[in-house]
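Two complexes, one shared chain (chain A), two partners (chain B, chain C).
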Partner chain A sequence: MDQLLQHALNATILGGTYALLGIGLTMIFGIMKIVNFTHGELYTFGAYMMFFFVMVLGTNFFLGLVMAIALGLLLGALIELALLRPLRDADIDTTMLVMIGAWIALQNTQQFTWTGIAKSINTPFPLDPLVIGSVSVSWSRVFVFVVAIMMIIGTHMLIHHTRLGKAMRATFQDRDTAALMGVKINRIYTATFALGSGLAAAAGALLAPIFVVYPTMGDAVAAKSFAIVILGGLGNFWGAAIGGFILAFAEEFGAGYISSGYRDAMGFILIILILIFRPTGLFAQRERIG
Partner chain B sequence: MTSPGTNRLAMGRFAPFAVLAFFALLPFWMTDQYFLHVLIITGIFIIAAISLNLLLGYTGQLSLGHVAFFGIGSYASALMSIGFDLNVFGWMLVVTPKPVWFCILCGIFVAGLAGWLIGKVSFKIRGAYFVIVTISFAEVMRLVALNWIDLTEGPMALNNIPPLTLWLPFAGETTFWSKVPNYFLVLSIAAICFEIVRRIVVSRVGRAVIALRENEPLAMSVGIDVTRYLLIITVISAAMAGAAGGLYSHYVRIIDPDVFLFIFTVTMVIMVVVGGKGTLWGPIVGGLLFGIMPEALREFAAPEVQWIIYGVAMIIVLIFLPQGIVPAVGSWLQSRRHGSEPPATPEPPGAKGAADPS
Partner chain C sequence: MLELKDIECRYGKISAVRGLSLEVKEGEFVTLIGANGAGKTTTLKCISGLLPAAKGTITFQGKDISNAPAADILAMGIGHCPEGRRVFPYMSVEENLEMGCYLRKDKDAIHEDMEQLFDRFPVLKERRKQAAGTLSGGEQQMLAISRALMSRPKLVLFDEPSLGLAPNLVDRMFQIVRDIRDQGVTVLMVEQNAYAALELCDHAYVLESGEVTLKGTGSELLENPNVREAYLGT
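Coming up: the complex of A and B.
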């Protein structure tokens, strides 16, 4: 029973970051119809920026986090302007392949810059874990969870209660009509891609102090993000949030009770099962099979 | 005087033989063993790229899990040749080592079977979903190969895989230990695959899937059983990739779960896309370029830099030459030939391959 509770707690904490990753990816897909293979690299980028600010420059931990997220937003905007804008009317496969090219280039740039040696980051949190009854969790994980949930709520507010968000939703529903109504589609695309990338960078910056930072860390994360987004249905905000938690629970319990070697397989197995039995995801209504 | 049309036809007919002759004569003057090794590996990947082109270029389905078939073929073939015993729900399945040519055939068969299975499941969906499900299959295969240690040795790798032994005219029983016989083996398999694809493309099945690529609803409306034809092509394509995998494991003679890495799929995709998807020569041109380029860059650049160049090259080609090199060169030649005529209007994506399978 205690073990069960501990697994559930770990899964919940992990789920927060997964949800963040999934939301970033699903927004980009929903609004721009782009399968973003650089998502994992933005995650890695966020983690390395965290390392750069906190461990190399010696900046305050929280300031470093903010800077890492801001730079993630910026890198996302740059990728959009440089690679995706020229391909606005290209078919989805071409864009996908360009993003794969960008993934290779980004990952190897990070490997070249930071070498393959894994890096770790110090945290300002106490080392003693938070103990609740029979389960325990480290303070840094609690911090990660709280920030992730705040960011999810913040993104939701942005989408539903601002002019930018309204324009994004309009673009999601019907790009051409939105353009006719005076929505600056190009600007919305850049904002969406930057925001999605920023969320991935945030997840990387948040998790970097808990795990270690290494150049290929983004690959597994990108794969998981795809699984989360598929679970929730491509383009579905709350689907991705819930999908994040489902994947975290599947992984945590799969690793705990079946085999830890197949932990990373959980996401893929879920993808395959979902696509066999319910191809539009668990919660999708709007996005159809293309 | 022959018209440009017949001239072109003649070129199209003799080009494969000229290229084949060039590569067949290559080992007689190129004695650098390392370069031969590079060519063998490139050739194996060209076979894989030819098989991917069948799926990606002619049916228009972007399968990013193609390495699964390559890996399944190489594992199946390697395991058959070493022998294994497997406990299937209390039953002991004992396989003694089999002759390598038979193992490669088994690898081809198992890969084809996997293609049928994966196709059966994933052709229910299209577009982004299809791409992601194919990646997932390949990754699950990698994780199975990594964790099913009883069968695959996991990260310890399968080693001491025997090389191919064949009875050859003039040479008798020959074991393919050295580079030259392996080079000819890969070259002949590549030529066979090229010919298979060339015939498929002009066959009924080929025309059906090209119609599907151009306009799926229209193809369905005229009564083409889209899923069935896609499945046929997928099985052929997977079997061909399995053949490449079998050649790989008996040439390199050690394989580990990394044969399932996504990056190998990406390499095949780059070869096809840069060369020109939906053209017969695309995977060969792209394959030679991206097979030999890393070696050419080796002296100047660190591996990371090579990969950065890879990625950037891929982006540049996709943005500026979305059809790939072969169609671009083709239309350039055509515009030179009709120098005085106004340039032809740019063809929509895919139309090129449909009208002209060379």
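Coming up: the complex of A and C.
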């Protein structure tokens, strides 16, 4: 029983960052119809920026986190402006190939800049874990979870209660009609890609101090993000959030009760099951980003 | 107020509208009639900047808007109520209206305009929090019209406002368009329902395969034997 609770707690905490990753990717797909192969690299980028600020420059931990996320937003905007905007009317194959190219280029740049040696980041949190009854969790994981949940809520508020968010939803629901309302579609696309990228960078920056940072760390994360998005239904905000938690639970319990070697396979097992039984995703019929 | 000169619109290599010229004077009610695929919707999309004009010029209040972005054209005062209503289905009625005034910043006046529209269409007020996709066809059309008015346009383009509505609602819709014109907004309306459109309008153009084949006042075209045969079935 204690073991079960401990697994559930670990899964919940991991699920928060998975949800961030899933929401970021599903927004970009939903609004722009773009399969973003650079998502995992933005995660890696966020992690390295965290390392850069906290360990290289000695910036305050929390300020470093904010800076890493801000730079993730910026890199997302740059990718959109430099690679996607010129390809606006190109067919999907071309866009996919360019994004795969960007993925490889970004990964190699990070390898070149930071070498292949894994890096770790110190945290300002106490070493003694938080103990609740029979389960315990480190303070740095509590922090990750709280920030992730705040960011999910913040993103939801942005989409539903701001002018930019309304324009994003309108664009998602009917692009031409949104343009007739005066929405500048190009700007919405840049903002969407930047926001989705910022969420991936945030996940990377949050998890970097818990795990270690290395150049190919984004590959498994990209695959997991795709699993989450397929699970939740393409373009579905809450589907992605819930999908993130489902994947975290599947991984945690798969690793805990089947074999720890199965951890990273759980995402793919879930995708296969979903594609067989509910090809549109678990929640595809519900309201999407719109 | 609005003038199209020798406009050509293409989808890829195929031109859907060729050498089209038309004029809408301030305060007028102008209609564009024609069979399916004649190029009516294409013409309206070209005016509001959704489609580039491959050739020709469009001027609005003396300014060239031929290749202006849609947002600028809207800001200059051209509203567009698109074919098939095109409400944002997962947004509430109120949010749809807010999208209609996306470019406006005058909060108080927006609020007033919305209340006025709610007085005019009480059913929209009752359903203000409801997702627009769950409204009936007629309600969606009222919402689409209201949304187009929220930008306070000087000229509104209506694309088949009667499409897919029950006969009693068709008349109501035309009455609404008529009222809008009577309140001083210039109207350019596309319709398949030629008889009603010609009765209501001041001037009309007949479009066939992307070209204007006839023009005149509404009553002239109602008398025209070719029009009677092709569009009025008499």
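Heads up, the rule we're going with is that the second predicted complex is superposed on the first by the 285 of 290 C-alpha atoms of A that agree within 3 Å, B and C clash if a C-alpha of one lies under 4 Å from a C-alpha of the other, contacts with A are read in each partner's own complex, and residues count from 1 in each chain.
As a convention for this text, a residue touches a chain if its C-beta (ideal position, glycine included) is under 8 Å from a C-beta of that chain, and two chains touch if they have at least 3 such contacts.
Remember, predicted model here, so these are calculated numbers, not experimental data.
Visitor: First (chain B), second (chain C), both or neither: which does A:159 touch?
Guide: Neither partner.
Visitor: Does the superposition put A:199 against chain B (first), chain C (second), both, or neither?
Guide: neither
Visitor: Which of the two partners, first being chain B and second being chain C, lies in contact with A:217: first, second, both, or neither?
Guide: neither
Visitor: Thinking of the overlay built on chain A, is A:50 touched by chain B (first), by chain C (second), by both, or by neither?
Guide: After superposing on A, A:50 lies clear of both chain B and chain C.
Visitor: Go through the superposed model and pick first if A:25 touches only chain B, second if only chain C, both, or neither.
Guide: neither
Visitor: For the three-chain arrangement built by superposition, which of chain B and chain C touches the greater number of chain A residues?
Guide: B
Visitor: Show which residues of chain A both chain B and chain C reach, each in its own complex.
Guide: In chain A, residues 290 are touched by chain B and also by chain C.
Visitor: Going by the contact rule at the top, pick out the chain C residues touching chain A in the complex.
Guide: Chain C reaches chain A through residues 48-50, 69-71, 74-75, 80, 82, 86, 88-91, 95, 98-100, 102-103, 131, 147, 151.
Visitor: What residues on chain A touch chain B, complex-wise?
Guide: 29, 33, 35, 83, 86-87, 90-94, 96-98, 100-109, 111-112, 219, 223, 226-227, 230, 234, 259, 261-262, 264-265, 267-269, 271-272, 275-276, 279, 289-290
Visitor: Tell me, which parts of chain A touch chain C in their complex?
Guide: Within the complex, chain A touches chain C at residues 163, 166-167, 169-170, 173-174, 176-184, 287-288, 290.
Visitor: Quick check: in the complex, which residue numbers of chain B touch chain A?
Guide: 60, 62, 121-122, 124-129, 131-133, 135-137, 139-140, 143-144, 146-147, 262-263, 266, 269, 273, 302, 304-305, 307-308, 310-315, 318-319, 322, 349
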